[in-house]
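In what follows, structures are represented as structure tokens.
Each of the next two complexes has chain A plus one other chain: chain B in the first, chain C in the second.
Moving on to the complex of A and B:
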């Protein structure tokens, strides 16, 4: 085994250990914070008309009358064995609930990331390399997209879908899809358009802004100027010579974007009735389902850790100096 | 312009033209309206519901979606007709009452089968009561009379005898909340103490059985529940046609109410399981005028919000603040200070009626017109406040008490419920005009309930659902010992003489059989309540129900579920394809 290989393995082990600690810390913090928040899952029973005695019985049955430290230690003991406990609200294993939703969120996140990248990157290159009304218009659109929260963009797109009938207002459509993988895929794609756009727009704008600045900076580098002086064409200069170094700034924030996709999906999933983790976590937070909140937070931190790792790999691929300097 | 820019401009323009053309076609033309025609057997309706179920076991799950699923898939011995509030036979086709009004003999329908084909007998009724009184059940409180359970026996397969521990005026009305469970499916679990674990959300639908009009065919978490016709359902219409009319009923889970409204307007759903918000009524009226929706005004709601001040003796108030904040005159001053018509216009956008007490006109014979009221009169409000020693001593526009402390208190209300937040803001604004400063604090529902439970608040604006108009079903509100006696719940003995009087009247009311006498007793209760205003009521919303033109045979009512309470007779209009 070469030194480079040993370094790479050591690096992977350290990153994995860091990811595990991150997941544990985030889920523990989520559990403790929600437990400390006023009210618990049994307060919903009061709204449903149950008296204090029935609520006290239910609290005892769910173990909510035990001290927080006791509850936490029990949960932690199970969590290290990958048993995330039982949802207080749904009375089902948290692992099963996450399993039903995580694929939907991953699909939505992946599509949103792809759209954001495919739209944001080329536009960023164009606005960073050209002058005139088109870059200005794109820049204005980006600023608008950045300033509109996903909740509002989801509602606007849902309104558009309702008024025009171009897209369904919500859901995955999978349950209504016809037989066959192709029909299912087409139905899901049709239903996915609205939430994907709502989630992707602000990220596309972020990528466009970053890429625009990075492209402009790369084009001002001496070696690019020298190439221009040697008569290299504009298109080749931008797409061949400036693009690669300019991609570094976008690659550096990919990890954060992937982590933020999860939090951004809260509002989008609720408005568009997309059955993902964001919506599950929102419901869990509202009903103080502590173990489900912890599970969702753990899943979210897995997304973040995976995103950071992907970002590091992308950076290393783009910048040979990083590969050589790898710890 | 470079070549790249030209291509980009061309693409953008082409896209914009296509989009404009499509938009114009859809917006100008509108969605095609469903054609009205007579109901027929078959078809599917889609209802949207905002929350997920928590279990298919109604005995352990008490939230509104769980109750709705139970209404669709299970049946009761008797039912309260939501349009007349009269008791009507269901699985029990008739009943007799003993002279002492303690024993009810119910005669069950014969030939009834569960959805899995197993015959229904009195053993299922006895079992259901056993399950309801099991420690894992949340139903026991609803079936207790004076804190005691009912005795249930079955002399034969089609007769059930219920013995009440004491006379209970509403009698069998309490059974409207008891779904009858299949003994053959659950008896082993009850014996083994596992009833609470049964019929969770992971249960395959085929394992569930019920006597309701529908069976659960599919549950896709986060997406929808699909109900299909119960082939063994026992009801038929007047022409002898087996019910339900619908082949399928889909309950789509749409957490956001804006999205629910958009789906309905777009024709992607047929109805919502919750009432229409005031802000949606205008657009629904337009859609109804264009034939794209049906909009029905079903009358004044029974569920009202109320403002109460914490009158608990352990309320965290200084003696000086307690002197004015907990005084009866202060509450009357609030009532005088709030212009209810403006409240109606601002909070409900005009779709409500001003009220002064908990019993609205929709309570039928229990409603008493002409009770004492404290209508809008800011001058009288100021006079009452002055009588409490509250005056603007420093000329800043806010009253001060005798120690010079400002007359200021906080109202907690529920975050995210627009009508409650708007109402609290209106109260705040109107009280400011008489010199009372109010801080509005919005909390999420669970935090609000927690603060109510601990008594750590000054005033609260909130409300809960009314299950039945019979006041005996709401004693937890009226009795001083009740958990829902909001202003001072769970009193070991009545804190005031008038509460003691209400306790006495309500106890008599609950055990009196004669309806006219009960109504007189309850009128006296309402009179005392109106005199002492322990809680303030400002408006009762008018309930509007919006449905697609495809929906036939609906008889919407003010109480939830406004349309699906009568799901077995719902139908799709002929020609009403989506």
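Moving on to the complex of A and C:
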């Protein structure tokens, strides 16, 4: 094992440790915050006409009448064993709920990221290396798309879908899917179209703009001049010689994109009724389901930390300069 | 050219928000029972006989209650009144209100609500930005000036807030307060939450600038002339961060407008009947399938995009490098300011 490898691994280990601390802090904070909030999950029982004694009994059964520190220690002890408690509202283990939902969010996020990259990168290379009306039109389109956040893009696409009926608007469609794994996969993919496009749009624009700037900057470098002097063709110059240094600066944005993607996914999930983590967190907050909120916050920060970690390590692998002053 | 255009739009939006009661033909909660979900009215200049008039509208008549379909009643002309009754434009007839962007489910004028909504949406974003910059200047300025352990701690805290899942933090913070509050308190609450989430980028930038500036000769000169630490920091060093703060503000305002919209959209921000762009979108999207029939209800979405686009254009060049600067190598440690 070379020194460079060891450094890279050390870097990854340190980042993972930081991520774990983050997860612990965020989920604890969520638990405490929701406990501070007025009302709890038993509020609905009052509306359902139950008397104070019945509510007190229910609170006792759920352990909500114990002091916060006490509840927190119990939760922490379980969380270490990856048991995040039972959702007070759904009456199901939080871990199972999270497992279902985070998969949906990850699917949506991965699809959107893939679409954004596949559309944004090539367009960016073209606009960064050519002149004329086409690159200018792409640039204008992506400046506009940059100003359309996922909340708006999903509403606009929902409007389009409602008017044209091109694709379905809400849910996963699993309930009305035909039998067989293939049929349900096709239905889910069909229902995934709208949320994916809505989420991918602003990120495709971000990637296009960055790749465009980076390509233009890379093409101005002396080594490109040298290659051109050696007689390397234009296409090869742009797609081979300039691409690699240009990709590095775009790779750097992925860490940030994953965070924003995660936030954007929340809005898209709410509008298009995609059953992901965002919707679950929202439901948990509204019904004051403390263990579910803490679980969602934990899952959210794991998701985010894992994404940032992956992109940081990939970046460190791409760019040796980063490893030297790594924290 | 485009920069000037962008700035013009930004100024117009702020002026429109400030002058909402005068620019709006109707109050934000005036209801017109005969105009539920009515489409936008057209301003006419020519009557059916082909003669020219000052701008006028035809009243709308409901022809299909089930589909909320309206037709223009072109037998009647209702002229637009200018500068009357404290409004820029309005109509005389109570049965023919001026509905430039149509009406919502409750028969309220969408155009008027859009203007009043700008006060809540843009106002809360501006207040949040101001708060975020204030915290950023305070934390970043002190960290950059003091250096050492304080610097290390402050930047760790900034890093920590920076990598939190922002939406979840905002939601969780909002959820700790009672759901039902009066509008003024919601305004303060949202602005505070936005400031608490938005300060780290400002703090890092200010810290980097102050840390570099305090080693310069002019700072040493000020010190040796007997200026106190506070005076050196506030009068001599902080002005160097002005440009950076301006760019930071232009990045924060559109994202905070969107944050308000998202919060209100999920029912944790402003609530009906307070008009804000978020509550209007919430009303519009109650039934997604209805959107196809009443697209004018999405005008707040257009307004949000317009503001974001105008800010983009107004700062073209600044934010371009800003984006790269955010993404630069080792973004967690060594920020470079050019």
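Here is the rule we go by: the second predicted complex is superposed on the first by the 263 of 327 C-alpha atoms of A that agree within 3 Å, B and C clash if a C-alpha of one lies under 4 Å from a C-alpha of the other, contacts with A are read in each partner's own complex, and residues count from 1 in each chain.
Keep in mind that, in the parts below, a contact is a pair of C-beta atoms (placed from the backbone, for glycine too) under 8 Å apart; a residue touches a chain by one contact, two chains touch by 3 or more.
Because the structure is a prediction, the values reported are computed rather than measured.
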| item | value |
| --- | --- |
| Which of chain B and chain C A:170 touches, first, second, both or neither | both |
| First, second, both or neither for A:149, with chain B first and chain C second | second |
| Touched partner set for A:263, first chain B, second chain C, both or neither | second |
| First (chain B), second (chain C), both or neither touched by A:159 | both |
| Partner chain in contact with A:221 - chain B first, chain C second, else both or neither | neither |
| First (chain B), second (chain C), both or neither touched by A:271 | both |
| Partner chain in contact with A:57 - chain B first, chain C second, else both or neither | first |
| Touched partner set for A:300, first chain B, second chain C, both or neither | second |
| Touching partner for A:130 - first (chain B), second (chain C), both, neither | first |
| Chain B/chain C common contact set on chain A | 37-38, 155, 158-159, 162-163, 169-170, 270-271, 282, 286, 288 |
| Residue ranges of chain B in contact with chain A within the complex | 1-2, 4-5, 8-9, 22-23, 26-27, 31, 51-52, 54-55, 62-64, 135-136, 138, 140-141, 196-197, 200-202, 218, 220-224, 226, 252-256, 258-259, 262-263, 265-266, 268, 443-453, 464-465, 467, 476, 483-484, 490 |
| Of chain A, residues touching chain B in the complex | 37-41, 43-54, 57-58, 61, 89-92, 96-97, 100-101, 104, 126, 130, 132, 134, 155, 158-159, 161-166, 168-172, 174-175, 234-235, 270-273, 275-276, 279-280, 282-283, 286-288 |
| For the chain A and chain C complex, residues of the former touching the latter | 22, 25-26, 29-30, 33-34, 36-38, 143-144, 146-149, 151-152, 155-156, 158-159, 162-163, 169-170, 206, 209-210, 213, 249, 252-253, 255-256, 259, 262-263, 266-267, 270-271, 278, 281-282, 285-286, 288, 293, 296-297, 300-301, 303-305, 308, 319, 321-322, 325, 327 |
| Parts of chain C lying in touch with chain A, wherever the complex brings them together | 160, 163-168, 171-173, 175-178, 254, 258, 261-262, 265-268, 281, 284-285, 288-293, 295, 298, 301, 304-305, 308-309, 312-313, 320, 323-324, 326-334 |
